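Here come two complexes built around chain A, the first alongside chain B, the second alongside chain C.
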Partner chain A sequence: MSNEDALLKVTDLKKHFPLPRKKKKQEQAYVKAVDGVNFYINAGETLGIVGESGSGKSTVAKLIMQLLQPTDGQVVFHGNDVFTQSKKDRKQTQKKLQMVFQDPYGSLNPRMTAKEIVTEPLLIHEKLSKKELELRALGLLEEVGLGMQHLNRYPHQFSGGQRQRLSIARAIALKPDLIVCDEAVSALDVSIQAQILNLLKQLQKNYGIAFIFIAHGLPAVKHISDRIAIMYAGKIVEIADKEEIFKNPKHPYTKALLNAVPPSHPRLRKEKTLVQGETPSFDITTSGCPFYNRCMNAKEDCKTNAPELIEHEKHHEYACHYPEQASNREN
Partner chain B sequence: MTHDSHQDALLSVNHLVTQFPAKGKKNITVVDDISFDVKPGEIVAIVGESGSGKSITSQSIMGLLKSGGTIANGEILYQGHNLVEMSKKERRKLRGKEMSMIFQEPMSSLNPMLRVKTQIAEALKIHVPKQSPKERMEKVIELLKQVEIPNAETVATYFPHQLSGGMRQRVMIAIALAGEPNLLIADEPTTALDVTTQAQILALIKDLNSRNGTGVIFITHDLSVVADIADRVLVMYAGKIVEEATVYDLFENPQHPYTMGLMKAMPTLETQSDLLDPIPGNAPDIANKPKGCPFHPRCPLATEKCVEKIPELNPILNDHSARCIYPGKGGNNHEQ
Partner chain C sequence: MNNNLSHLSKIKKVRSRLMELSTPLGIIGFITVSIIVLMAIFAPWIVPHDPFVIDATKRLTPPAWIDGGSSTYILGTDHVGRDILSRLIYGSRVSLLVGILSVLIAGAIGLFLGLISGYFGGTLVDQAIMRIVDAMLAIPTLLLVLVAIVVFDPGLVTLILVIGLTSWAQYTRLVRGEVLSVKEREFVQSAKTLGASNTHIIRKHIIPNVLSSFIVVATIGIATAIMTESSLSFLGLGVQPPDITWGSMLNDGRNYIATSWWIATFPGLAITITVLAITFLGDWLRDILDPKLKKGGDEDDS
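On to the complex of A and B.
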């Protein structure tokens, strides 16, 4: 990877889950949820990760957060490998690396008040008096558009959008450098989704927080990201600056994904050339390109020879032997 | 037959009010006096956010209201027959044969213990009882082919867990089509699906609509899906229709500030600006609606007049109406 002083650098990350064996002597089979992923993220930027269900994007998030141990590979944050660092470094990493989940109801303790929720990270990492805590709690709530009247409420007393604001307040409590947002707006109504997207952008502007924004909705990802990575079957198939990926998609899967996005106006309805079939299941291991059987450009060697993710143009990497020719996104 | 104008309609909903009981309180009105028609072969989209009453509208039409929900007022005319006055037995006869429904989560609508072919055959048995088992199986395969399932013969022997989400939704659609209904109600059928699968299912529904002339009520929260599939659109907010138009009119020339707000809040691939324009605040609690126009606390145009009473659904142009006293007036959200 090109960037040496990146905030976070993921190198050859793999996570293989063992499958149950049907017979005693059967060879161990694996689900290759994440299979050799490389990317970096700079301070203060947003990297969008897009992929369909089963592409491994949430597993990547869990690995970065050390909620899972990798099969292989490294995640380097602020120069430390998060999986092998000392206990002391780990505490520092946990402080500067936070996460916001999809379902704000499932990720907030129903028996804690808003104040307790947002100050819990402070209790662990900072020694503050009761009064200081109260002030910080209020400050955090105001930061995300909530107020004094919400301090002593429980999660069930908030609406979905407010709960997501609360999870964000908790995530920014320790002034992190990177927040991983795993489908953070997917469960929200359109009008509320826009509020949360704006809030995230505002926080980034004010505090220079970097985001990894994982989602399956392309328009939202396009809106918030600086760069976008497209995942398919446990691998990144294309990664580039946002404008580049939408104007000049090279991987046939990226093209198919863009094509499948419903139009924003009935005027833009079009006869779509739809990609057939579905994401492959992982227990079938191929030595070739994982997109081979759905790809329109596929040739014989795609079946046996998996393409590598290579930087073909500046800041534009893709893994394909027969990429799409120049810009031909019809509108 | 009450309204002459509805004679050519396949389905005609007039002044429908659906209520749910609340403990120790007045009944909650979830669907509040809505009227619309579906013509044969037309795709009508109902768009709204959670709590707008769009799903309850469809459940009222299908006669599938749960938790004590009742139709308190209004009529639902299917080919001129009022469904509200029908007995349970009569309604059951219509369900599946005349009108079918598909749901958001195909896994919970399919029986996990039965093979795909058994579940489709079950639907056929009810609607076409005089078929021989062999004929019925042939029909099952034909239905699976109609919803574009590859290797239909093999897939027919699968259990639901062996299928992907998109395939399950196709099986659901095959079951819904078994009785050859004239009206298909699709309640967020693609919300749980991936974007490439969503595109496939939308194309399939469009295709069935144009091939068989099936009328479709398509319920969704996603305006871009509406832009893709609908002929006509109803926008719902807090139990009421706030705007009704053909799909082109709605997107070209939205009239209600809520519709405009939704369009501005929706990120699209074409959006250029740095910040989106969200609608401030939250959707109202349906049991505790604000006085007057339910949208006024979030509306950039609201004045005292809006608090006084709910505006009527007024015609703007032919086939285009909006429930607002300041229709078509910008709707710029300056504050967040």
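On to the complex of A and C.
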């Protein structure tokens, strides 16, 4: 991995969940939700993480936010390992590292007003008078396109898009350096998604906030990301600049994801290389490539020899023995 | 924003909210409970007769609308000539006192233990609390109360303490269950990522979301406590004479039920009406306390 002074650096991160044992003597089995993930993110940049359900992308988010303890590995933020840092550093991390959750209904306390919701971080980390809190709340609401008339409303009086704006207002209250958005727009209508994405871009431009943007499809991250990482079965299989991923996908899974995006016109429909089957079950440990059983390029050695994530071209890493040829450049 | 103005608009909001959510049963419950509470508070000033005075010449006078009844004793007199209406009014004091105070005791214990048990779910503390709860719930409350009353001297204070200390288990279990579900919601996770302390999370996120179902159950708990009090007083183990309770009035009338039905009927009715009214009130409170049930709140109120 390059970039020593990255804002956030994830090194060999692993999270294995133990499975319940059926018999006493049975060996302990694990679900390897996250199995050796490496990436970094620079200040002010947006990294998209894409993967299907069960690929471990939300677990990565929870690990970064320290909602889970890792089995192994490091998450270094501003030079501190978030899992072993001192109390004082932890306080600082909690201020500068924020999260926006997927569900705009579940992530807001139904018994708090908008004002209470967006000022909660201030209440925890800063000592402010009531008057100041009110002013800050108003400022934050205006920042995300809401107004004074919304101050004393409860979450159920807002639409899904407005609620997500509230979540974002809460996340930017402490002027963070990095916001982890875990499927932050997946629950919204496409038109509202675009609005929220534009809002995030605007905030990034104004305050230089970096984003880790997690999604299950490429279209959502295409708009906002600088770089994109593709996750499959707890591992990153390809990571590159956005243009590279879209123009020159190397991993067969990335290509399949790209082909899964419906074209804007039916006549534009071309070859269909959709992936068959499901994500491999996690308790089966294979020594080979995790994508082996669904891959079209798979050859015999893929079954036994797992490819490593290697930087094959500049800023373009992928884990595949038989990468796609740069054929569909017209895409 | 003007502080005074916002305060006024808050009152206005609460009032309009009550209007929106009023159901016939809720209103009946609310009014009836209010009347009973007022009756209990002002009992010495509103009773038509002294409820303690025995007058053998007036004994077993039937209610006013029955032959032989007298308009001075509207609900008749009992076997020693005391005015039943006056005694009913005085009896409400004991019933409400026992009901409210015992639920306060039980609720406080239940809420506290339930919060701890639920928030630290799965730990040794949680296990210990829940096993005690299981044990408490396995023994019928009335039986436990009976034993306790026999061990300690019967009386008002004993009654309140004993009912309170034997009925907290159900609140603990309820609160624990609610806490377990609330603490997994994303807004609690979100507060955790913000670095909120456990006290902050419990105070700001858990309690407000647990309180409404707790209040509903506690309200209905008052009704149950009143029933328990009446049962014990009926058995002669509750409040001792000369203090008046509906339960002991029922007991007084037991021997005369065939000839002078009014002695037992009116306290029985009083218990039934009070318990029903409190239950209605509890259901209504649940509706009011749920912010989602607030209708028509989407308009701008600025």
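Assume the second predicted complex is superposed on the first by the 326 of 331 C-alpha atoms of A that agree within 3 Å, B and C clash if a C-alpha of one lies under 4 Å from a C-alpha of the other, contacts with A are read in each partner's own complex, and residues count from 1 in each chain.
Keep this in mind: a contact is a pair of C-beta atoms (placed from the backbone, for glycine too) under 8 Å apart; a residue touches a chain by one contact, two chains touch by 3 or more.
Only a predicted model underlies this, so the values are computations on that prediction, with no experimental measurement involved.
Student: When the two structures are superposed on chain A, do chain B and chain C clash or fit side by side?
Tutor: With chain A as the common anchor, chain B and chain C both fit in the superposed model.
Student: Once chain A of both complexes is superposed, is A:Q157 in touch with chain B (first), chain C (second), both, or neither?
Tutor: So A:Q157 only meets chain C here.
Student: Which partner chains sit in contact with A:P219 here, chain B, chain C, both or neither? Use first/second/both/neither.
Tutor: After superposing on A, A:P219 lies in contact with chain B but is clear of chain C.
Student: Who does A:P20 touch here: chain B (first), chain C (second), both, or neither?
Tutor: In the superposition, A:P20 contacts neither chain B nor chain C.
Student: Quick one: is A:S107 in contact with chain B, with chain C, with both, or with neither? Answer first, second, both or neither.
Tutor: second
Student: Decide which partner touches more residues of chain A, taking chain B and chain C as the two options.
Tutor: Between chain B and chain C, the winner on chain A residue contacts is B.
Student: Between chain B (first) and chain C (second), which does A:R267 come into contact with in this model arrangement: first, second, both, or neither?
Tutor: A:R267 contacts chain B only, not chain C.
Student: Note down the smallest distance between any C-alpha of chain B and any C-alpha of chain C in the overlay, whole angstrom.
Tutor: When the complexes share the chain A frame, the smallest chain B-chain C C-alpha distance is 10 Å.
Student: After overlaying the two complexes on chain A, where does the chain B footprint on chain A coincide with the chain C footprint?
Tutor: Chain A residues touching both partners: none found.
Student: For chain A, which residues are in contact with chain C within the complex?
Tutor: Those in contact with chain C are residues 65-67, 90-91, 94-95, 97-99, 101-103, 106-112, 120-121, 124-125, 134, 148-149, 152-154, 156-157, 167, 170.
Student: Residues of chain B touching chain A in their complex?
Tutor: Interface residues on chain B, with respect to chain A: 49-50, 164-167, 194-200, 202-203, 221-225, 227-228, 230, 247-248, 251, 261-262, 264-271, 274-280, 282-283, 336.
Student: Give every residue of chain C touching chain A within the complex, in rising order.
Tutor: Touching chain A from chain C are residues 1, 185-187, 189-197, 200, 204-205, 208-209, 291-292, 294, 297-298, 300-302.
Student: Going by the contact rule set out above, which residues of chain A touch chain B in the complex?
Tutor: Chain A residues touching chain B: 52-53, 145, 159-162, 189-195, 197-198, 201, 216-220, 222-223, 246, 256-269, 272, 274-276, 278-279.
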